[in-house]
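Worksheet: the structure to be examined is printed underneath.
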Amino acid sequence: MVEIIVENLFFKYPDAEKYALKNINFSIRGGESIAILGENGAGKTTLAKNLNGLLKPTKGSVKIDGVDTRSLSVAKIARKIGFVCHNPDHQFFAETVEEEIKFGLKNFGFQENEIEKSLSEVLKTFGLEEYRHRSPFQLSGGEKKRLAIASIIVWRPELLILDEPTIGMDYAQRLNIQNVLKNLVSEGKSIIVITHDVDFAANICNRAIVLSGGEVVGDGCLRKLLSDPEVVNRASLRKPFIIELEEETGFSGIDEDFDSISEYLIKVFHKCHS
Amino acid sequence: MNVVDLRNVSFRYTGSEKEVLSNISLKIEEGESVLITGPSGCGKSTIARIIMGLIPHSYSGDLRGEAYVFGMNILENPVSRIATRCGIVFQNPANQLFTFSVEDDVAFGPENLALPPEDIRRRVDESIRLVGIEHLRYSSPNSLSGGEQQKAAIASILSMHPSIIVFDEPTSMLDPSSSISLIQSIFRLKENLEEKGSKITLIIIEHRISLLLDHVSRIVVISDGRIVLDGEPMTVLYESFKKRIPINIPPVLQIYFRIKDKCGLEKPPKNLKELFSYLREEVKHG
Amino acid sequence: MSFLRAFQYRKKDSPIHRLDPRSKFLLSIVLMVFSIVFIDIRVLLAVLVLQIFLLWSAKALKEWVYSLRGLVFFFIIIFFTQLLFGGTFLIGIVLSIRLIVLSSSMSWFFLSSTPEDIGRAMSSARLPIELTFSFVMAIRFIPVIHDEFQSIYDAQRSRGLELEKGGFRTRIRNLMPILIPLLVGTIRRTYEVADAMEVRAFGASPKRTSYKSLKFGRGDYFLCLISVMLVLVIICLKVFFGLE
């Protein structure tokens, strides 16, 4: 299980005058599902890129299993920490879906038989078998997103970071990605989701790190944090629907399943009525 | 008067086997605000391209049926002529701004129409004011946020003095608060124009229905290249719910539609608080 | 990339920025001629001092100094070839200064003129609108495409791609995962931009108007005068003093 410790992290882009990240401290242990929340420009993606070594801290440190990211190559970190960028089109180049998925495995020097095994496994779990020999460019938006995740998860990184997985996705696609990630979490994978979609985050993540203006304004249990109006307002977020529902009904631990919620409400309604 | 009139329109892009649109008929009246929604890949953006005449003039393919915009047959009129009556704001904000200051971009269209400079200046002033981006007038698009770029794009369409504006997923690349702000400025713009006595028709293509539900008077649902529902918003949403068409029905309504008959609710709630207060009332008086 | 920054327009307000690009262009050309016809270190230094003054008044010294770093590579080549072909250290210095003068005369122009103004100047020289606009847009989209390149590079590095590894052929092959998405993205962007231009009636009328026009002011006439005088200086130095 990978462990990340972020200490007094400050980050400034080479040309910028202001710090994009200011004095960030937190640590991540295995088996967590974390949402990094905040508005555009709050520093979410910058923080994520500092976690996987694409960016190195200006001040302070990020340590992965005790080693400072400054002394690690991006490839070395990527083996442990997978990063799915927000736009799948930024990563597709191969002629077939199969080749696209194999790319990472080859880079990390997997054996041929291992490659075949992991490939067919991941094609199955992500429902991409029928597209195996198609070009990635011919897939629909939702399928592209699934392929993007599959092509990272295939080398089994210990932690998966996803940058804005729901952006531009419609209702069905979003639900699909949500289920994919839920399954990963239930298998014990650690994930970090960078998003401004609070409903999506509330459905898959336990912990939230809330950013505003490059600073952490909240870190802890997602449901607790997002029911705190101060945190929500400071980061220009919104209370997730399930939390609102919990507050209205007085129940806790509700899942976003409209059928069972509605059935329950009808039952209570008729009880009160009679 | 029907400002948009599509009659049995079908379209297939060159190189693709499937028709993206099959036999679409759609009439839109002057002054309406229409939301066109549907799962991605259903063909909604293709409708926008047809209304603008980009299909068939810029995209090759097999177009059947007839399409009129303000009585102009799109086959017989170049895009630049249609553009004087009908404007479009696209999804990607950065790709719609070509110059180094917002005002120059707003002037771009009128300059192409070869209007006299004083006229252009008046249009630029007015468009920038209507969208509420006076403070960004001299900024370079490269320094603007996505939401600001999108507003600049609207201003640069407005300076063409269109009577119809089509928005093709205008918020899909924006964060929630900029999306809300953008939608608000679109409808404030409509009000302002109406106060001045000019009617404007808005056609918004979007899958985030909750953003627009309070603003539109009609929803058209496209699925698999066909219009499957068309009408008053709440009726359309209820029908899509019953037919299980995968569109983004707001969560409150998801619950409301499931319980409304059994709990005797009539009025659709705007939010959860309202839903529960209706329920309580129903328990008390029902 | 750092060298290119010397030519990337920055929005600033200075007397130089407000000048007409046509007069600035004239002066740049004249200054360039100096570096081409003279090799005398006194002349070159004098021109360099004038350029530094111009860059300073355009508030562009910082960018210029930064861009010099990009020239280091060329300096090394100059000194290397001098050593190789039996030149002297002094000639190396002279040639380096000459290179600085040459690039500075253009960088001063580009740093202080908006691409649109340059475009307007091109239009007023009766160049076709398509050409003028391609120029303006190329500059407008450089940072956008640069950002896209960075995202793609980051995405592929996160999949274990290492550009520094392997021999020449491997390295070339390793570029594909970056170049292909960049190419696909750029083609898509081109279509989108073309659509956006078309719906704003680009090409509707052969006589496009421009609501802002370039104005030749007092400063511009002054600049032209200086340019003419400098041409005279060049002729004098060459003919009467026989400087090389």
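Letters A, B and C mark the chains as written, and numbering starts fresh at 1 in each.
Just so we're on the same page, a residue touches a chain if its C-beta (ideal position, glycine included) is under 8 Å from a C-beta of that chain, and two chains touch if they have at least 3 such contacts.
Because the structure is predicted, anything quoted here is derived from the model rather than measured.
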item	value
Common touching chains of chain B and chain A	C
Of A-C and B-C, whichever chain pair has more C-beta contact pairs	B-C
Gap in Å, rounded to a whole number, between the CA centres of chain B and chain A	30
Inter-centroid spacing, chain C versus chain B (mean Cα positions, whole Å)	41
Shared-contact residues (touching 2 or more other chains) in chain C	none
Contacting residues of chain C [partner chain A, same complex]	148, 151-152, 154-162, 176-181, 184-185, 188
Chain C residues touching chain B - in the complex, by the definition given at the top	9, 11, 114-116, 133, 136-137, 140, 143-144, 189, 192-205, 207-213
In the complex with chain B, residue positions of chain A that touch it	39-41, 140-142, 167-173, 196-197, 199, 236-238, 241, 244-245, 248, 256, 258-259, 261-263, 265-266, 269-270, 272-273
Chain B to chain A touching residues, read off their complex	39-41, 145-146, 169, 172-178, 207, 246-249, 251-252, 254-255, 258-259, 262-263, 271-273, 276, 279, 282-283, 286
Parts of chain A lying in touch with chain C, wherever the complex brings them together	49, 52, 54, 73-75, 78-79, 82-83, 85, 87, 89-93, 103-104, 107-108, 137, 151-152, 155
